[in-house]
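Below are two complexes that have chain A in common, paired first with chain B and then with chain C.
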Partner chain A sequence: MDEFSVILQIIFWGLYAGCIYILLATGLNLIFGVMKVVNFAHGEFLMIGAYITATVFFLTGANPYLIIVLSMLALIGIGAVVERLCFRPILGTGKLNEIFLSIGLIYIIQNGAAMIWGDAWQSIKSPYSGITVPIGPLAVPLDYVIIMVMTAVILCGLYVFLKKTTIGMQMQATSQNRKGAMLVGIDVERIDVISFGLGCALAAAAGTLWVVSGQVFNPYMGSIPAIKAFAIIILGGLGSIPGAIIGGLLMGLAENGAAYFLGGIWKDAISFVILIIVLVIRPTGLFGEKGE
Partner chain B sequence: MNYRILVIAVLLVTAALIAGCSQQQAATGVIKIGVIASLTGPASNVGTNMWQSAQVAADKINADGGVTLKDGSKAQLKLIVGDDESTATGGQKAATKLITEDKVDILVGGYSSAVTSSYEQTIADNKIPFIVTGASSPIITHRSDGIDTSYVFHHCPTTDTYGQYTTLFIDQVIRPAVNKKLGAADTRPFRLALLYQDTAFGKGIQTAVNNTITDNRLNIQLVSQQSFKMGESDFRTQLTAIKAANPDALYLGAFPNEGAPAITQARRDIGLSTIFLSAENNDNAQFYKDVGQYGEGSIIESRFSPYTAPAGAVTQDQASFKQAYFAKFGTYPDMMGASTYDGIFIAAKAIGNAGTTDKAAVRQALVDMKMPQVIEAMKNQTISFSPDFRESSFDLWMEQLAMNATAGETRPAIVWPDNLKTTDFILPSWYVAGNSS
Partner chain C sequence: MVSVQDKRIQYGIPAILALALAVPVLTDSMFIVNLLVLMLISIIFASAWNLLAYSGQGSLGHAAFLGIGAYASTVIAAKSGLSPLLTIFLGAAVAAFIGILIGLTCVRLKEWFLAMVTFGFAIIVQTLTVSVLAPLSGGWDGIPSPRLFSASLPGYQLIEYYFILFITLATLGAIWYIMKSRIGLAFLAIRENELEARAAGIDPVRYRLLAFALSAYLAGVAGALQIHHIGYLTPELFGTENSFWPVTFVILGGLGTLAGPVVGTVVLTVIWEGLKATGMTFGRYVIVGVILILAIIFLPQGLVSLPEKIREWLKRRQKEPVPGTAGKQPGS
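After this line comes the complex of A and B, so read on.
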């Protein structure tokens, strides 16, 4: 394996990791954009998505890539309930309340998951495990190609939803100016529920792709990805979906590049080094606008 | 009628008095053993196993009559658990509560070197004997920061020991097999790669491998040494770098939740067709499940396995322990559970030998301890603690995994050393040796 192939391979792993981050961060940004809520428990929705996928897979043996639909639908419902019961009552009462509420949710959801599914590390096997496809000089596992394609499809679907549907446009309007949206008759509370549910569904998609790629999972798996998702949306610009996509890819590539060139212990740290540099040069993030 | 009521009342009062007397008698003949285990938090799987194994041990000792004290009286064991919550602060709370509130006579348990070392000051302050059965860093009894560990006894192999055993196994068994396959001379350096957790545990293994190669002048060349942070689940980049270094084998200093995905990713995603060697904590049922068919041909250094037992004296004892554990809890014990089971027997024996629960006397009994091995294979089949760092010496083994069609997973068989092995090591047909090009 020559040095060029090694670098290409590492870029490929960076793109794969970026896909998971993009889905998680896009969901988080969707929620923040519309509701301006800081949800630290977002990683826990990734974890629930992972467990729903694994549970359905264990029970039915169905293709885990198809279970992603079920997982996303379930998380739309769970997200809507969490928004209605937890976030709506405290909306607008101060950022501190939102932060503590979401931190509380982390513990409740983690322990709830541990009670239901146990806290042992688990994993599932993809039906395409062991199949490789040639891409240039590389022979890459089919699973990662599917994961990248599915991420692109989900993002395209989100784009169409936001740009072409009435609810999508109402979400954009609420994101741009909540009071203005209310004045023109948009039911912003309904938009809040939909945004929160959709954000959670994107986290569920990230969770499904996480487990399908053979990564282990347990009830505490969501915390670190959630912190990274926050770094990504700050990096990309709060509320900016293109920013979340570019930030996610950048994060995936930077992490894997750092693991190769600097050593595995730099994998997490490098993201925050980049974040600090970007914030010093451009405090609103890569795609953020003033006032966000 | 009234007489009947009177008689019943008298009988009830008498029964209550007798029960009270017998309870008082029992209270005087009770040895309280504090078991520190992670019942909650990330290590709760291991911790629960340790606590349940301790209960199986206490049940057996109590059923056999308990512990004989100096005055000839018999005492029963009473276990009290302290949950360290898988954290250093939780460990400090648990140790303090067991010592000051529950007033236990001796402590057994302790998992994770970072957690266990955090409450060693409390142990030193209270001068209470502590048999550590789960933490594997040598730091437990080798502290250089002035904390007195003279009451701490380490009954769990350290990273020094298993790093050394594994490297010697590579030199004595894998290296000749690879040379034979290649038709190469014995002078060909064996190309070993390391992938280790960036903690005291992983670095301990890295240091032990390096020291063993240097001290024994082994013909082993470390071609790649990659680290990862604790809890990592994506090893693809490090494995890509390792593959580029063309290794003959890869030694993983990893926990099971890291080792299983690392091996899976190496074979499935990277195409690294080599021999993987894992540390003993990977020898649990979940690891076999997670690694699936990709574990085939790999090696685990072990001292207690859910699926095999060494040839020799402990075969039957390990089977009996597994049966008793299954009968009580419906699951099977793991390695840290086995050493904790041993630990309860050691604690009972030390108090029996001391003839008292006086802590200084029990400590001295542990220093002088020479008891037959319980369920884990020990050097010379005897449990004793080294005079310098109070560490017991285990007879470790290497097991190789092979696919089991019935289980749909791999299962281990012991391949080294000669006195414990049940079969021979083989290089899998798909194995690809490294080259220096």
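After this line comes the complex of A and C, so read on.
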């Protein structure tokens, strides 16, 4: 393969990897934007989404790309319960408390999942595995193309939801000024529940796309993607959704570029290197708003 | 309340000390002695984390410093032939140095960023240990670590226990001194209000770095002790679990207090070992998670605040009898 198609291949793989990170980071940012809470257990919701999709797939054999809807709906529910029971009682009692609470959630969710599904690595086979599409000089798996399209559809759907629906606009208002939103009669606690649920649903979408693409999963899979999502939202700026999209794509590209040019071990470490460079140059992230 | 607290300290500390000194005499079981050793090491580790949190910085990656201390001490002992009794402090110094480097990237960051960076840092150190540093570290297989005391020494387990007990007490003493000193006051000032601290002439960056260095040093000591006690070292030491334990211990015991990490570690270790005896595997972690969340929501000052809480509650009950029952139960 010549130099050009290698680079093209890396870009393509980077975009595919970026899709999963974008969904995860967008969910984190959505929750942060509205509630000003960083949910460190976000990777665990990706894991639950992955398991729900896989379980339904094993039971019914339905097309896993369709199960994504079910998985996202289930996670809206789970997210709402988690917000109501865990985060609401401590909202505003200090940022460290929220971080520590996430640790409790990580313990519960990871090991709860291990009790239900066991802790072995599993994988599923997409109905389209083995089919490739020629794009320029490359033959890319059809699954990757579908994943990119679905990510784009989900993000467009989110955009329309935030810009056009009443709840979406209420979420934006709450995110911009919580007290102001209360004053004009928005039930901010309801908006909190909805945002948390939606954020978790995006994580579930990421988890579904993760398993559908044939990657292995187990109850502890969530930590590494979550760390990358953190790096992305630091890169793109806390609370900025366009920042998360650009950051996610950059992260996917950097990761695959590093794996190719520097060696496979750098695939995971590169996100941290980028993180440190960005933090040293611009502590608020590339597109971040200043302070709160 | 001061007098009650003074009394508790006056009698409590000598009682606990006497118990800690006497335990190995009371039991022949090396299993229990071993458990106590690991518990003491956890107390050092949790106290180290607590010191950093005392300055307002919540780390989610303290396993990095635990592991760096352990690896550095083992490698130094293996390469130089020095006794582990010495290298634990050298290894910890390496951890402190790395701690300052990480601190430098984190000092100007908000809580979330700090937690994210430290969380990621532990994973990255683990990645580097099993890849780039594999020739030194043995990769995933790990390397043997020299024992603190030669196994040929009669009663070496007891000697080890008393040695680690001594280090634990010295650590607690040092932390007590730091908290009471101007440094501790500066930590508190930064935690409560950085702007005002700056106005009072405290340089937040310097003190944050100092907190990082001290905390990483103590965590490194804990890691080195643990690994020289066990005798074998694998990169699993860097696992997130080890980063989360000190948080759990301290939150349950009482954040930012000297006794908190001790109480939390002892209580959780007892619960943990009790659950282990019932044959639970994953369920134990779920229970620990539930305990942690309940503590954060309902007992934000930790177990050390429980006596005050109960006393206040009793007082309130005495003062305001439940309406309707007041007439029936006079002076209840």
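As a working rule, the second predicted complex is superposed on the first by the 291 of 292 C-alpha atoms of A that agree within 3 Å, B and C clash if a C-alpha of one lies under 4 Å from a C-alpha of the other, contacts with A are read in each partner's own complex, and residues count from 1 in each chain.
Keep in mind that, in the parts below, a contact is a pair of C-beta atoms (placed from the backbone, for glycine too) under 8 Å apart; a residue touches a chain by one contact, two chains touch by 3 or more.
Not measured: the values here are computed from a predicted model.
Asker: State whether chain B and chain C clash or fit side by side on chain A once the two structures are superposed.
Answerer: With chain A aligned, chain B runs into chain C, so clash.
Asker: Go through the superposed model and pick first if A:Asp268 touches only chain B, second if only chain C, both, or neither.
Answerer: In the superposed model, A:Asp268 contacts both chain B and chain C.
Asker: Which holds for A:Thr208: it touches chain B only (first), chain C only (second), both, or neither?
Answerer: A:Thr208: touches no partner chain.
Asker: According to the stated criteria, A:Gly112 is in contact with first (chain B), second (chain C), both, or neither; which is it?
Answerer: In the superposed model, A:Gly112 contacts chain C only, not chain B.
Asker: For A:Cys86, select first, second, both or neither according to whether it touches chain B, chain C, the two together, or no partner.
Answerer: Only chain C is touched by A:Cys86; chain B is not.
Asker: Does chain B (first) or chain C (second) touch A:Leu238, or do both, or does neither?
Answerer: A:Leu238 sits against chain C, while chain B stays out of touch.
Asker: Examine A:Ile227 and indicate which partner it touches, taking first as chain B and second as chain C; both and neither are also allowed.
Answerer: second
Asker: Could you look at A:Leu96 and tell me whether it touches chain B, chain C, both or neither (first, second, both, neither)?
Answerer: After superposing on A, A:Leu96 lies in contact with chain C but is clear of chain B.
Asker: Go through the superposed model and pick first if A:Ser129 touches only chain B, second if only chain C, both, or neither.
Answerer: First partner only.
Asker: Do chain B and chain C land on any of the same chain A residues, and which?
Answerer: 119, 224, 265, 268
Asker: Can you check the complex and tell me which residues of chain A touch chain B?
Answerer: Those in contact with chain B are residues 1, 3, 6, 9-10, 13-14, 16-17, 119-123, 125, 129-130, 132, 139, 141, 144, 214-216, 218, 220-221, 224, 256, 259-260, 263-265, 267-268.
Asker: Under the stated contact criterion, what part of chain A meets chain C in this complex?
Answerer: Chain A reaches chain C through residues 38, 40, 86, 89-90, 93, 95-97, 99-101, 103-108, 110-112, 114-115, 119, 223-224, 227, 230-231, 234, 238, 265, 268-269, 271-272, 275-276, 279-280, 283.
Asker: Quick one: in the complex, what on chain C touches chain A?
Answerer: Residues in contact with chain A: 53, 56, 58, 60, 105-106, 108-113, 115-117, 119-121, 123-124, 127-128, 131-132, 240, 244, 247-248, 251, 255, 282-286, 288-290, 292-293, 296-297, 300.
Asker: In their complex, what parts of chain B are in touch with chain A?
Answerer: My answer: residues 42, 44-45, 198, 226-229, 231-234, 236-238, 240-241, 243-244, 256-257, 260-261, 264-265, 268-269, 271, 286, 290, 292.
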